[in-house]
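In what follows, a structure is listed as structure tokens, so that the remarks can point back to it.
Letters A, B, C and D mark the chains in the order given here, with residues in each chain numbered from 1 onward.
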Amino acid sequence: MSFNTFGQLFRVTTYGESHGIALGCVIDGCPPRLPVSEAMIQGFLDRRKPGQSRFTTQRREPDQVRILSGVMADETTGELVTTGTPINLMIENVDQRSKDYGEIKDRYRPGHADYAYDVKYGLRDYRGGGRSSARETASRVAAGAIARQVLPGVTIRGALVQMGPHRIDRTRWDWGAVDNNPFFCPDPVMAEFFETYLDDIRKAGSSIGAVIEVVAEGVPPGLGAPIYGKLDGDLAAAMMSINAVKGVEIGDGFAAAELGGEENADEMRMGNDGKLLFLSNHAGGILGGISTGQPVVVRFAVKPTSSILQTRRTVDRYGHDADIITKGRHDPCVGIRAVPVGEAMMACVLADHLLRHRGQVGTPVEWPFRK
Amino acid sequence: MSFNTFGQLFRVTTYGESHGIALGCVIDGCPPRLPVSEAMIQGFLDRRKPGQSRFTTQRREPDQVRILSGVMADETTGELVTTGTPINLMIENVDQRSKDYGEIKDRYRPGHADYAYDVKYGLRDYRGGGRSSARETASRVAAGAIARQVLPGVTIRGALVQMGPHRIDRTRWDWGAVDNNPFFCPDPVMAEFFETYLDDIRKAGSSIGAVIEVVAEGVPPGLGAPIYGKLDGDLAAAMMSINAVKGVEIGDGFAAAELGGEENADEMRMGNDGKLLFLSNHAGGILGGISTGQPVVVRFAVKPTSSILQTRRTVDRYGHDADIITKGRHDPCVGIRAVPVGEAMMACVLADHLLRHRGQVGTPVEWPFRK
Amino acid sequence: MSFNTFGQLFRVTTYGESHGIALGCVIDGCPPRLPVSEAMIQGFLDRRKPGQSRFTTQRREPDQVRILSGVMADETTGELVTTGTPINLMIENVDQRSKDYGEIKDRYRPGHADYAYDVKYGLRDYRGGGRSSARETASRVAAGAIARQVLPGVTIRGALVQMGPHRIDRTRWDWGAVDNNPFFCPDPVMAEFFETYLDDIRKAGSSIGAVIEVVAEGVPPGLGAPIYGKLDGDLAAAMMSINAVKGVEIGDGFAAAELGGEENADEMRMGNDGKLLFLSNHAGGILGGISTGQPVVVRFAVKPTSSILQTRRTVDRYGHDADIITKGRHDPCVGIRAVPVGEAMMACVLADHLLRHRGQVGTPVEWPFRK
Amino acid sequence: MSFNTFGQLFRVTTYGESHGIALGCVIDGCPPRLPVSEAMIQGFLDRRKPGQSRFTTQRREPDQVRILSGVMADETTGELVTTGTPINLMIENVDQRSKDYGEIKDRYRPGHADYAYDVKYGLRDYRGGGRSSARETASRVAAGAIARQVLPGVTIRGALVQMGPHRIDRTRWDWGAVDNNPFFCPDPVMAEFFETYLDDIRKAGSSIGAVIEVVAEGVPPGLGAPIYGKLDGDLAAAMMSINAVKGVEIGDGFAAAELGGEENADEMRMGNDGKLLFLSNHAGGILGGISTGQPVVVRFAVKPTSSILQTRRTVDRYGHDADIITKGRHDPCVGIRAVPVGEAMMACVLADHLLRHRGQVGTPVEWPFRK
């Protein structure tokens, strides 16, 4: 990861600002002959798209993706496939409301990157947050759609597991429920509760944080390049790079700090199928930075949206104290739309590591136990 | 970060295994004319060195560092300075106890990387964990000592803030206490408690997890390269790459998920010195992936040592169920020695970002507010 | 350089195919607050644009560039400046003649990348050469325009110095002549000769090779990162990556192999201005991979256009012998249009190295001789 | 390539100076389970070793390599194999003659990197040229020995094809002759001539340049990652990074500039074995940056050794004009010992590209022609 590119072999470079002409990504290093289509990518973008419920920003962006390069029609089937060259996925901005930015143009919004960008670059794009806007994550979701094509047999799903102090009940976990509520919540009971809870927050002009969990099943063992290309290291960087994320954990995460060695280490036994079987998954599917074949489990904490309808103390670019209220169209819980983004980052990291493993060692193989 | 190298401009490549001939690192891209010495580096290595109390492994390694390249005597002062070329810091292994590895040679230790390395590479270095041993972290500490030279005016300090379920009382935080107990604990009261607590765990042949906090003060604003070279993203990857780490958080971290927007966003006011003043530091000194000038605060969770003196279920390389007890010289709380390692990773990441910022933008400057 | 990205700090990623929707580049890591405009970039693109004389392909492409991201209006002057975020420069394809590709779709054109792409990727974009078309170099020229903004005080100029076996007379070198003939030739006499010479070749349906020289003056000393980021190493890779280039030399290049040590090594004396003065420039401005302050001189050989109107022997994708004539709109001497491309690559490499030097060492300084 | 590391997946980082404690390399990303041994590496180092004839420097360095990490005994055969972790190959310096460096300490040797390093870093290691010494190339040769293990079926051989203005007669090319003369010359007649020729130069205290050719046979088709990871681009950078190299060409190289399209483009026919057959190899085995299966042919020009026993004009660090004679132990034709170095760089680049291809596309396959 560096500047605006992530990945070593499956490389994604994103570009574009919240209120510019267009945003998107260039995916480089993608294997050839993988089927892709704008419709397939659009399906993932639509899950992240704003304005789908009253719990997300009311900005009206169709987020329509165009594939500008890197594909061609397969000569036998006629369907689009990748060619191995850079794939540019572009999304034109449509609803850049031409409002007066006067207030935030000169005042730093607390919790936002306004001051940080200004102090770093000596200027900042104040229009909707510019490059630091969460709109950038649409590019990631588009890239993630391509990454999934690199990962046949891998299932990647995300869910909201906590909003404010309220956690879901894991015994009620139902992946089927996730797309049946506006929160990507796998616990139908809590989903109902969140409806009222978040409505109150929204009406109060406030916002709230959340915790998201992403699980990848069917990940082949052996992915991860120790010591500084560990799978969990790259996942941590990937998730932490999502807007507003302040913490990442793998498997038991911070709870592991409270455990003794006998509870934490996952024991093993031979399964009936002659394969190695872990008796638990405290490790979240990763040991020594390498996937073990168990589900890879990542959680990340999203801070509350910093744009709220309450007066906050700040300063302006002229060095004066000032007050600010961030009007506009904002998510009361920006963590919700981070679910498809987290899934996409998981897909990109896994695709990259699959190619990296294949490069160094070859196609992942079954456990090489000796007979 | 990729394979065994981390950093873009201040690049550290580590090499070596637990029971090989030598381990160490090659530091590339270091600015020239910085004063360095083996004694200076040794000071940091000695803090991490095993065998200093009954709470760390009894392996006797002097961890004596040698500078093999990249330095020369300054022609006026006669003291060693960097030349801008690769600095190889080598530590020879001394106490590779020539024991019988029969038991762990064929059996995968639960919680360790044994199975993962074997399934990835088709073989593994079973001697003391080989490359996946925490001995590798000595290389990081040596690199961190050089990195600190790149960061004049920056103070980097780490502390153990939780052991098992027991957290320190932050009102008693005393940096001066950290080096006065074998736990790097800033709370003298809890340090005393941990003495008994960990002794019991050690005698029971068990182990326990911990949480470490690292704080960097004096970090210039503007460090961090959004979007995929964010300072917090790189810190997350750096800390997650340390052995046994399962979670990383910046500032409030996971607690931010429980906050509302008005509590979480740090307000600003003009200070008496004409500089911008944040009224709180929930953000941990980073907004939009860029340092703000506030202290950079990172915490990470370390799982309990997986090597314990209790029988655990596992399988062997021949596909048979087996039992295993990991005898040997182990830390009952491997989190303790992660403190100097976390400091070193913080130093390396900040040094790298300082150079990266200087490359793109120039020497960090004060807040460019307009008059 | 890797895949479709080059540069470490000033990073350019190009995308797009000859007959796709659009092509262009994403420039990442560019310093902020540099003035840019579409008109400025267009000026450079127009020099490379096809169809400007009968000596270049008659394809009609306006090569109109659009800046999609990474810029905003400066708040005081109102002019566009860079923001430090990714700059996407897009050129839409217009004249994709919808011809029948039947012939070349299945037959490999000798000298082209047809077979190589097919054997690598298992498919190839036969429409105008796809990604391997020289149209890709428009992206480089656009990037070079931005790179020049990073290099105030540096003058980069290219010229055609040989066509077929005919070399220019260096005593007649006149930079002013370069833009007064369709060959970028600095020798007006030879330019006149080339007019007839190339006309004959063109009419015969043949093509011819060329040698291009690019000179950068005003390059600060100290640029170049030994050992594997040497300035000449990066220039060699950059020039060799241009379509049809088969050789690169720095300074005297291959002629240096014929020299004795006393002729080759550039002697030094103190200049009247108190600065170090080289008495010759066999080295081409680079010693030990580092710029010396002398003009940086690079030459590269461009092979003749492989598309010619003469029957050639080849095979088809079905494993049959076949004959092929490559009809279409082609440059009789593709080396001509390589001149602005070579300049652009020089600009990009120098910009990158300026930032890299600034990162490691700081702003380039005068010779630090002691008093 | 960046700083002191080259390669993307097969990564080599070199360290060490001419007169430091040790030099060597860390090879990262090497596939596991490849057989290696110090004796095998030593064989290649001995070809490059100084002091083997009166035509190379008389410095007495045994260049004894030690494998410090990254290998272990295979459990069945007992022989050393790679483990997939970093391989540190170290060579200790022995013959650092403790001579008086007074003269060159303050004076810049013409043709050397003295001034360039000083102006870049503000200091320089004057002891034997420090990091810029050709001794660094021993590290490359050691790395190349490992790289060859990644390339079963590939034969890489180098030869000196020109010394001063004297070229070999290619009709007399005999690979068997290469190791039977002190010049790695494949033309026995010219080898005899060079003996007298170079002796005269040596006795005159002068030096001379050379051209080296390296040929790789058995390279699978498909290696090379367009556009900026082209095989020829990476080879150009690799060869240009060798000390004293001023030009690189692929296949016909600069001669291609003199050809017409019908002569230059290699025609194809189906071979009797049902495989595609090129009728010539002007391209040097690379089209569009991708290997075609033909022999990969690279040539590079080496300038004459700059250290000669003749008085040269220079300046000193105090800004005074001065004269200098570079006494010491030097090669009269440094191009000779560049032969094994060029082979090693070829091996490293090909190994890297084989892994990169495998990562993106999979194991190289035969031409996928359709039936």
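To be clear about the criterion, contacts are C-beta pairs under 8 Å (C-beta built on N, C-alpha and C of every residue); 3 or more make two chains touch, one makes a residue touch a chain.
Because the structure is predicted, anything quoted here is derived from the model rather than measured.
Engineer: Which chains sit in contact with both members of the pair chain A and chain B?
Structural biologist: Under the touch definition, chain A and chain B have C, D as mutual neighbours.
Engineer: So which one's got more C-beta contacts, A-D or A-C?
Structural biologist: Higher C-beta contact count between the two pairs: A-C.
Engineer: Using CA atom averages as chain centres, what separation in Å is found between chain A and chain C?
Structural biologist: Whole-Å distance between the two chain centres: 38.
Engineer: When the centre of a chain is set as the mean of its C-alpha atoms, what distance in Å lies between chain C and chain D?
Structural biologist: Here the centre of chain D sits 26 Å away from the centre of chain C.
Engineer: Chain A to chain D: how many Å between their CA centres?
Structural biologist: Centre-to-centre distance between chain A and chain D: 45 Å.
Engineer: Hey, what residues on chain D touch two or more of the other chains?
Structural biologist: Answer for chain D, listing residues that touch two or more other chains: 3-5, 8, 14, 29, 32, 84-85, 120-122, 131, 225-226, 361.
Engineer: Show which residues of chain C lie in contact with chain D when the two form their complex.
Structural biologist: 1-6, 8, 14, 108-113, 115-122, 131-132, 136, 162-165, 201, 206-211, 221-230, 232-241, 246-270, 274, 276, 279, 282-284, 286-293, 301-308, 310, 312-315, 317-321, 335, 357, 361, 365, 367-371
Engineer: State the interface residues of chain C toward chain A in the complex, per the touch definition above.
Structural biologist: Residues 3-5, 11, 13-17, 20-24, 26, 28-29, 32-33, 66, 68-70, 72, 74-75, 81, 83-88, 90, 120-125, 127, 130-131.
Engineer: Touching residues of chain C toward chain B in the complex: what are they?
Structural biologist: On the chain C side, the touching residues are 8-9, 29-32, 84-85, 225-226, 355-356, 358-363.
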